[in-house]
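One structure, as structure tokens, below. Some questions next.
Chain nomenclature is as follows: A, B, C, D, E and F, assigned in order of appearance, with residue numbering initiated at 1 for each chain independently.
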Amino acid sequence: MSAVLQAPADPLADWRVAAEPYYRPVGDEVAQFQDAYALRLPLLLKGPPGCGKTRFVEHMAWTLGLPLVTVACHEDMAAGDLLGRWLIDADGTRWQDGPLSLAARHGALCYLDELIEARPDALTVLHPLADTRRVLPLERNGELLAAHPRFQLVVSYNPQPGRDLRPATRQRFVAMAFEAPPVPAQVAILVHEAGLEPEQAMRLVGLAERARALDEGAQAALSMRMLVRAGQLMAGGMQARVACELALVQAWSDQPERVQALRALADALYP
Amino acid sequence: MSAVLQAPADPLADWRVAAEPYYRPVGDEVAQFQDAYALRLPLLLKGPPGCGKTRFVEHMAWTLGLPLVTVACHEDMAAGDLLGRWLIDADGTRWQDGPLSLAARHGALCYLDELIEARPDALTVLHPLADTRRVLPLERNGELLAAHPRFQLVVSYNPQPGRDLRPATRQRFVAMAFEAPPVPAQVAILVHEAGLEPEQAMRLVGLAERARALDEGAQAALSMRMLVRAGQLMAGGMQARVACELALVQAWSDQPERVQALRALADALYP
Amino acid sequence: MSAVLQAPADPLADWRVAAEPYYRPVGDEVAQFQDAYALRLPLLLKGPPGCGKTRFVEHMAWTLGLPLVTVACHEDMAAGDLLGRWLIDADGTRWQDGPLSLAARHGALCYLDELIEARPDALTVLHPLADTRRVLPLERNGELLAAHPRFQLVVSYNPQPGRDLRPATRQRFVAMAFEAPPVPAQVAILVHEAGLEPEQAMRLVGLAERARALDEGAQAALSMRMLVRAGQLMAGGMQARVACELALVQAWSDQPERVQALRALADALYP
Amino acid sequence: MSAVLQAPADPLADWRVAAEPYYRPVGDEVAQFQDAYALRLPLLLKGPPGCGKTRFVEHMAWTLGLPLVTVACHEDMAAGDLLGRWLIDADGTRWQDGPLSLAARHGALCYLDELIEARPDALTVLHPLADTRRVLPLERNGELLAAHPRFQLVVSYNPQPGRDLRPATRQRFVAMAFEAPPVPAQVAILVHEAGLEPEQAMRLVGLAERARALDEGAQAALSMRMLVRAGQLMAGGMQARVACELALVQAWSDQPERVQALRALADALYP
Amino acid sequence: MSAVLQAPADPLADWRVAAEPYYRPVGDEVAQFQDAYALRLPLLLKGPPGCGKTRFVEHMAWTLGLPLVTVACHEDMAAGDLLGRWLIDADGTRWQDGPLSLAARHGALCYLDELIEARPDALTVLHPLADTRRVLPLERNGELLAAHPRFQLVVSYNPQPGRDLRPATRQRFVAMAFEAPPVPAQVAILVHEAGLEPEQAMRLVGLAERARALDEGAQAALSMRMLVRAGQLMAGGMQARVACELALVQAWSDQPERVQALRALADALYP
Amino acid sequence: MSAVLQAPADPLADWRVAAEPYYRPVGDEVAQFQDAYALRLPLLLKGPPGCGKTRFVEHMAWTLGLPLVTVACHEDMAAGDLLGRWLIDADGTRWQDGPLSLAARHGALCYLDELIEARPDALTVLHPLADTRRVLPLERNGELLAAHPRFQLVVSYNPQPGRDLRPATRQRFVAMAFEAPPVPAQVAILVHEAGLEPEQAMRLVGLAERARALDEGAQAALSMRMLVRAGQLMAGGMQARVACELALVQAWSDQPERVQALRALADALYP
């Protein structure tokens, strides 16, 4: 663990993307991201969980040669969790950058996932970084950190009725909407990610599409990620019907009616 | 206590399962767990308290040769309780892994019990560990911990109307449903765990089945665990009727009507 | 105070019960406690304040030769208050067991009074200690403490409508119900504890019985403890009517009507 | 300030009552206090602010030769504020008793004012000290403090509809009710405390009695303390009518109607 | 900054009033303050913001030759913010008095502004200081501080429906009511404070009087302080109408109707 | 990072405005700011986000030769975040000014953005600094900081129904109202800031004006900042219609109807 305690030669070493992440584009999103990055405009990705936002960001980080620092936001996240703090450790006291200041200082892509979970005030620290000033006041360190020229800010969240970012935060971002990929893309992803045969993949996508038609909750919840997991279990040798039970039916809901409805669909497709 | 203060040779020594735990399977759950483990897919066990989830996980840890690190979740649990912290102790300052980082670093089965009690934000730290990335950002330690290849994540909770995991958390798990074992299994468990004679065990299971028919609360509450306790008191020499009073009637409820109802059943079976 | 700062030879010295506590049994509770202790099953005592639960536990600790570590639960009690913490004191930093870990480590009877006042999450730490595992994870100390073979857990609370333990906590205990002792026992206790003459004691118990018939609140509140206090004042030379005013009437309520009602009874008995 | 940092020879020096406090008894309260003290029964004084409870306690402390440690309770008071804590100060770390442990350790009268303002859980620490055990568990100091034989606990509060102590706390005390002294006592107190002529004092008491008849709020609020202040201003040379305006009218209320009503009474008496 | 870190020769040096503050009396308030100070009775000043309370206190501090320690109360103010704390600074640990203990120890006038904003419990620490005892228990310092003979306590707040001090706090103060000065005084203050010509001052006061007639909110809000600011801008060369827009209209409200109403009055007086 | 840890020669070095910020005046705001600054009257800028308030302040700081210390207020901001604190860092303990004390001590323009987000109590610390006293009590440092003669305080917020500053805070400021610049100014800003051709800029402003007519939300949200971003994407080569989708449509709202309405306008203007 000594490597951790010394000032590392490359402070972003842990956050470099090691291998090219598989990403199947579903539109012009790659070019749009590049245009925004050319101007260093902060980006907001909107869409339900499991629809490929994180994978897309990983892909873009790899493509642009940027280290990727990811933060999963939550309502207990304080400004200090993003900005850093003074730590007392085995070598005495030292300033430790948080993920945001680390990325801004050394020039990484900083990706804040589920931004809407964060308390509005924790997001206020983004304001001077996300407008033309591109600075981050680190009050506890007595420092006004100017962002590295390569630094880029990307955030994402799943839009939900009744919850919104404050306008002053929101209007600092250029936004892109994501949703479940079209059926052929779903099949291709399943073949690549789960290792299913195309035909198996198509049947599974067929089940998902019917299930998503059940209700709105299903539409949001039965994500690409869940399909990939079901596919992996099948490819790993589990009986298809059982894999659906574990990865889709039980994973989807605890409510008896919803469980029944999805089970009926699964029974029909995997008799 | 000096052993505690030195870096232990085997940091998981305390958490190895010492002897094979008795577990009576009630279906295909053992094979399903193994299939999910082969792919290292995180597992969610759903079911009421005392129905055997913890015992099942102990059994699987033993079977797979994995140390078992258990965490009972509660609403005051902060992310730091899972991830670890810098401690000041008799040897100076040192980083101490939390149960989750300990298990992820050294390759244990990490079992989070009663997941639904935890605040959603404490669960957000599970996200990067529970998807294809299998990493745990330890921000306070300035470290991005890649999970050990043998590391496996299992969680459980008792589904309750009106409480649910956030979809982004939930869809990262493959799920299995548990409930009270079938009657013959209950009898077998009582014989093994409490040391009752089969006939005694059957009478006790009979009482439980009738009691569970009383109302929904009883169904959830009169668990296998309570039966085992009643059985142990009987096997230890306490009069059966008194053992029921202590381990079932009084332990079940404080409400006079419910106490009366259960008492009537006990009176009938143990006159 | 130096004795406090050194590791004491007998860490439970303070908590040994010095002399046999007077306890007048009111049923089979002594044998039932012993049966549960033989199996080390955790015990839950239910009943209103002042009805003898604490005295009973003191008695059993003396009888079983166990030191008694008592904790009065309250809603601000955190897990660390039960489990212990790292302290910085005059001798440097050292780990200090909390009452629960102290009792579990060295083999005492640990009595948690008014359990229902504690926040549910503080009680979650009891779970692995109160089932067949009998272990206490001390995360801050990096230790999985296995309970001493003689360790026993006893808890108590006063059942109140609308407040209950979580089922997962509750079903880990074998339960016994307590209430005010029968009249002859009350008299005997008053004679022994307050030093009253039997006739004086009977008159006081008579007042209490009539007062308890007033309403439910009185039934719960006019406890054995209050009678003992009234009796002590009388035995100490205070006029009986005045002793009732101080120890019963004013101590019972601030509401004018209730005060009047009880005063009328006292006036009748002690004219 | 060095005296503060060294362990003082007499830890209660600051809290000894220097001179005999003037107290005019209004009934048998002095003898009743002495009877309760003979048995070391904890005392609860009930009554509105400013009616003489604190002065009575000071008087009794002087009479019994006990140092007096007073604590004004408030809703932010934590258990540690009563029990003490480890402090880091110029001489290193040291344990510092809180007012309650100080009084219990060295044998003082501990007076908790406005007990009802404290959070119920802070009061839970009083339980073992206020029953036959007379011990105070100082968990942070790893100590079970046995109370000094001379230690006495007295608490007070102003009963208010809808607020009450928990029964488990309340029934540990013997209670005495206080209210405004009778008119002759009021006059005597004014003469002694404010230095008024008896005739001046009678006129002021007359105003107060009429004002208290206005409404219930006035009855509680126009306390002996306020009369003493008005009397002091008069005795100091301020015009009587102006002294009433400052010490009674404006001090009593901000509501125009109430101010008018009291002013009318004052105008009538001091034309 | 070294002067800060050494114990200063005169601990109240910063708080001495350097020059005689201009104050125009509006009644007998100066004599009344002096009478209360002669008896060291704590004073409560009631009135809307900006009506001259602070200036009056500054004036009295100068007149009486007392240093003035001012505290602006707020709902996050804890008892420690008034009483002091142990600090770790460059010279090691040391006790630092808070503003209240500083004033009480060395004999200053302590002025607590906007007392009603403070949490009731923070005010409880005032009780023993504000009655005949005149002591301040500094529990964290293990000290019972007796107030300096010259120490005086003054508090103020703006009475608001539905908010009140607790009676136990309130009845410890002698109270004086403040409101906007009469018109001639307003003119005189404007001439002195803003440097306006009397005629200019009278026109501005005329505007204010008409505006205060608009509604109750205006009455409270259009304070002497705002008039002084408008006057200063005019005297500094800004066009009168524009000065009113900035210092009165826009500063008064964000609501379009209120802004329009005040603007109409300003247009009429400064066409 | 050593420069951070030493007391810097020029403590405001980071906060000097490096180059003249482009600002297009829309009225007399520059002269009004200068008049208020001549008297050092605190200024309050009211207006929606993105309408140019920050840029205006940057411009004035440059014009007046003042360093600019900016603070984005949020509801978790405590008084200590403005005033400073004692820090333990690699060089030992040292006092670190917060942004407000830094600016007040050394003579900068301090700009508090989104003041209304701050908790009222955090704003109480502004009171003595924002009236004629111009002092800042730094209680934790035991210091009464007199503001530097050049120090100026400016705050801003976006007025919203139902939220207001407390009168005692508000009446300490002279206020100016901001809104979206007039159309020609918008065009000029777009040409300068985004590098658009005037004709492109006019079309974009035309779209914005029509969109702002949609509803009130749009009026507030479609700010100058968003137009500049859309213009930058266009000038960077992105197709105009796509740039509107990302920088205006998706960035504006997640609600389908609003997205449709704005999209229809964009389709009409960029067919």
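Heads up, the rule we're going with is that contacts are C-beta pairs under 8 Å (C-beta built on N, C-alpha and C of every residue); 3 or more make two chains touch, one makes a residue touch a chain.
Predicted, not measured: the structure shown is a model, and the values here were computed from it.
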Smallest number of contact steps required from subunit A to reach subunit F: 1
Both-way neighbours, i.e. chains that touch subunit E and touch subunit A: F
Identity of the chain that, by mean CA position, is farthest from subunit A: D
Chain whose average C-alpha position is farthest from subunit E's own: B
Interface numbering overlap (same over half, different under half) for subunit A and subunit B: different
Fitted rotation between subunit C and its twin subunit D in degrees, CA, nearest 5: 60
Rounded Å distance, subunit A centre to subunit C centre (Cα mean): 52
Whole-Å separation of chain centres (CA-atom averages), subunit B against subunit C: 30
Computed distance of Cα centres, subunit E from subunit B, in Å: 60
Overlap residues in subunit E, where contacts from two or more other chains coincide: 88
Chain ring listed from subunit E, with subunit F in second place: E, F, A, B, C, D
Residues of subunit A touching subunit B in the complex: 1, 4, 14-15, 48-50, 54, 70-77, 81, 87-90, 96, 98-99, 113-114, 117, 158, 220-221, 223, 225-226, 229, 232-233, 236-238, 242, 246-247, 250-251, 254
Subunit A residues touching subunit F - in the complex, by the definition given at the top: 28, 32, 35-36, 38-39, 41, 44, 46, 78-79, 86, 88, 92-95, 119-122, 124-125, 127-128, 131, 137, 139-144, 159, 164, 167-168, 170-177
